[in-house]
């Protein structure tokens, strides 16, 4: 497959552009019998929607999802589920000057080489963060499928913004995550993070951060050796989010500095079930789920669009240029990303649950 | 595809088990006309072979590769290239007691749940680090293809072992990497790392570490938005290596704590070519190559097999158990992993070069 | 992939239902730079549209295509091209009684077993001939791509309707095909076929027929041994058309009764180019194109919906039932199918042209 | 995937060449727990082995299969099953003159264009009928899996050789098929077919023929709309057999000349189960199995290698040439093909049984 699709048995195909007519998603492979309406998708889209607080972009994107196939009498039919959001608040003029002047940190330069003068450069086109709405559309369905069929649940939340970092106990519900606009379940830390974002914005700069994601309720044995490991497929999906530059599982990079006796998770029997005492593995051994929570941490680089002068080149004139990115940009996208991470994790886990025969037939 | 294959147009299919008759690889999609002999593969296998120094396992695995299809008159024919290593030095008795007593940190537990009593548990079976020999067999061919067709070159080397860490300037050739048995191009650091490994071994413990990988010479525009980004496909491949728990590109997790103005790489023209001043992006923007070096860092957890008592469970008796892993194990696998990283990076980049039309037809 | 997609490097994903909101298609992998507008697709849709003559169904389906992604400034961008037709003239009441009473010859019965009560049975749902509009949407783009990039051209036409059969010399343009509503380039035979259809309709019955398809202008060597042969991929695509029950290439079934000396096509040099004297191979040897015209014949069974009483079962009551299919059905779909065959052949050939490196990069 | 693999969840990857070191197959996706030994594969290989009678080639190919991975303690483990046959009786000299003189009817010409001077032309290389041994190796495993898990059974047999044709009632076992060396269950017809083959051989010519294949015991609902129909996937697989030029299901091409009232299969209840009175659909409606036998007919062209002078070209000298094919060739391959058809049908049906959740987990 070319690059617009992901998955083996539950396949998401993404289409659309930032400033085109729409962004859309087709999810193929969802079993028949899942109760589904636009509301199930809309609430996750609303979680990532901009314009909700002073720390995100002031663009107003209604982002109303429409299901245009695959649902009949309120349930999935087994046919591909197509969903679409019609674009409305696009202001493409701001991008006119960018056609030959690539913005540092953006896809502009390689895209103009790859697609030539035919590249839809407006708003980043196909490379825009806006395309993560298509991940959410497909992922919201996968999420509901997992919850209904297996009681599997993913919660993702912010643990770092810039240099403000916090260690949190994974929350049991998403409520504390969405109780503040930073999406950090630790309210005090959230306040500090918020301040850091406002300060970066004021200074004409931007910030990145880290999202932690925890998935509970998995059966043992999801994953397909040796190239379809859960880590392989999760990281592959997560790296489709623009700005992601690092993914680690369990003890991750820190674990690389520990010893085997520290990092191994001893097995034990608890309430009659085999589990581990610690969870440095992040719930995955040999690429397979072991039933403990899957824990993943995702690093987002700071937003590339900053209202400062930056050095670049004019590719038409083939000479140096100076650029000050205009438009309405988030000073930090991390608070909008937890639902995107939730969505992609759900897609991958649901796909593996189908591959492994844990979900099959009519629900 | 089930899990044993990876790639779109250059597909590696891995087969075999640690203690079965062989480990093997089929590489499909390599163009006709590449000069190829066993020697081209053997030298990379030799780089990962155990038994070469006191800091790696004392198992003697000759690991002689045989090409059994796809090569005629010393060149590839366009047909799938099958390669095989016949297993020789396997001692399976050490694993007899493990059939119902999963080793902490290993795939034993989820594998016995997934495959039941039919799982080939000997030496980790399909999940063994030995299977990375199949990655190397396919990757060595991809590596030669890339070098011949595009002058693309990957060099991977160790930058951390346990708590000993070093920052190195990427070496121009692999010579300094392979001039010591730690595979760290900084000889002084290598000595300290070596000491750390010996000390861990003496203490009945094990270490992990970090490998850095740098790929140069890429054309601009490799990668397929949005799910076939280079980061997606590279991380997916790398996570097929047992023990890998973290992958980051460019400034990675550290970059998440910086600001946009610090982390963006300004463009400039150098010797008539567009490039960037810094390389915090790791050579990838929007999932596409930009022509600067692709830089990736890979975190390996410490070896799970340690000669210490560990808590586990007897799954047959369903009660706690204590295990002391026997056998001849590496106290640290990281020094053996650079050729595996080289191989997988080469596979992914060569696949994308074919997808992008940069390599096509008869060589 | 689940079943809604076809192709390796040029992938068509189909969505929608006969009586749902729409039918749609996403084509991924089309290179940037192809001039494309709705008109390029609409003319092929018009060729298969019902309601055009007395021998096809009287349903009025405007079938107006909208391109909703992947085109910018009148050219493809390299991004997936999504197209959609909004359904308008659906009358679903006629299908109410069918929910538990499967129509002989239709997918109703296996679909109700496979998808249970969630199956969208209206108008055949996902199995309707209407879905071939999605093949045409994707295929019309592939067709234009092939014509532009390689001067490859497919012409498909009717050679049999019921027992009326004719042998025709492949026409050089599609003009004689579309000069009559039977789509047979032999006008006299077309008149007899038309009469047969009218007679079947009058008698409350239906007819099938045969379509021949000829593709010219191919380079030598398209196709990928051993499972990606042109015959494999063409037949696979063609069998996605409801009603198709036979596919043969070159001398096909008749050739099976001949001898090697009769059936072999001797090579010769003509105008400095190697070609064959006869074309019993249908332009394909060893699964690869040889540069001569690809000839394929496709058998369509008679339309299953007939206004006669037929024996069936009531699956709810689990007892025999008698059914007389209502609704507005074609007495023969074959005259509407040539553009569908054209479309699918174009998709497969274009995909192989991309796989083989004959089309690559920006057009 | 490039062309050497087929399947979605049960994937066969073929490697090797006619005159190389071996032919081999890797089957990935077979569940753990299937009892399997070389014998299970060997008996089907023996059925297709040449040198068994005066009407097939006198080449002696021992064709001893070795299982080199994926089986432990006599059962499949869930890991890929690699099988290999080492080539022994190859005489490549006969092919020396063919390197620049393509044989009519063979892949020689397009292969030399596609792969240039690197093509392994010996014995047809990758395009040889010998490669069907790899289909049989994978298919024999699929066949056993289907029989064990679902009691599904495929029997294929010869119904036409040249102009000798017979209609047979599908046999209940393969015994009457293999009771004569033509593989036709009608002994009298087999004798006439045998005579026709001997006569063709004596006359320095060759014959083709038709194989019918019947698969019983299928559950309802195998197949994935719209591009993963059973007809699509079966025909795709069957067209990987060299010489196949036609595939039809149920009433096929003949059905195209009938009427809807004649061709529709009325439903009825028999022994409490829904089934059809006739089986013109060949057991497939809407691309899905309906539980009645799947019937398919496959047309094989006459063998291309004939010991007669044929016109061809010398591609090096670029001038006409005359060729008399040497070597030991079958005058008719059809009697050796039933196990190949059995194998491919089994592969496709088993793959769909896994996709549909009918086979899953550990056996």
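Order as written gives the chain letters A, B, C and D; numbering starts at 1 within each chain.
Methods note: a contact is a pair of C-beta atoms (placed from the backbone, for glycine too) under 8 Å apart; a residue touches a chain by one contact, two chains touch by 3 or more.
These figures come from a predicted structure and were not determined experimentally.
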Partner chains that chain B and chain C have in common: A, D
From chain C, the most remote chain by mean C-alpha position: B
Separation of chain A from chain D, taking each centre as the mean of its C-alpha atoms, in whole Å: 46
Centre-of-Cα separation between chain D and chain C, whole angstrom: 26
Computed distance of Cα centres, chain D from chain B, in Å: 39
Where chain C touches two or more other chains at once, by residue number: 1-5, 8-9, 14, 79, 114, 126, 225, 356
Pairwise touch network: line, ring, star, complete, or other: complete
Chain D residues touching chain C - in the complex, by the definition given at the top: 1-6, 8, 12, 14, 102, 104-111, 113-114, 124, 126-127, 131, 160, 162-163, 165, 200, 204-210, 220-221, 223-229, 231-233, 235-237, 239-240, 242, 244-253, 255-269, 274, 276-277, 280-282, 285-290, 299-306, 308, 310-313, 315, 318-320, 356
Touch list for chain C against partner chain B, complex: 9, 79, 225, 355-357, 360-361
Of all residues in chain A, those that touch chain C in their complex: 1-5, 8-11, 13-17, 20-24, 26, 28-29, 32-33, 68-70, 72-73, 75-82, 84, 114-116, 118-120, 122, 125-126, 362
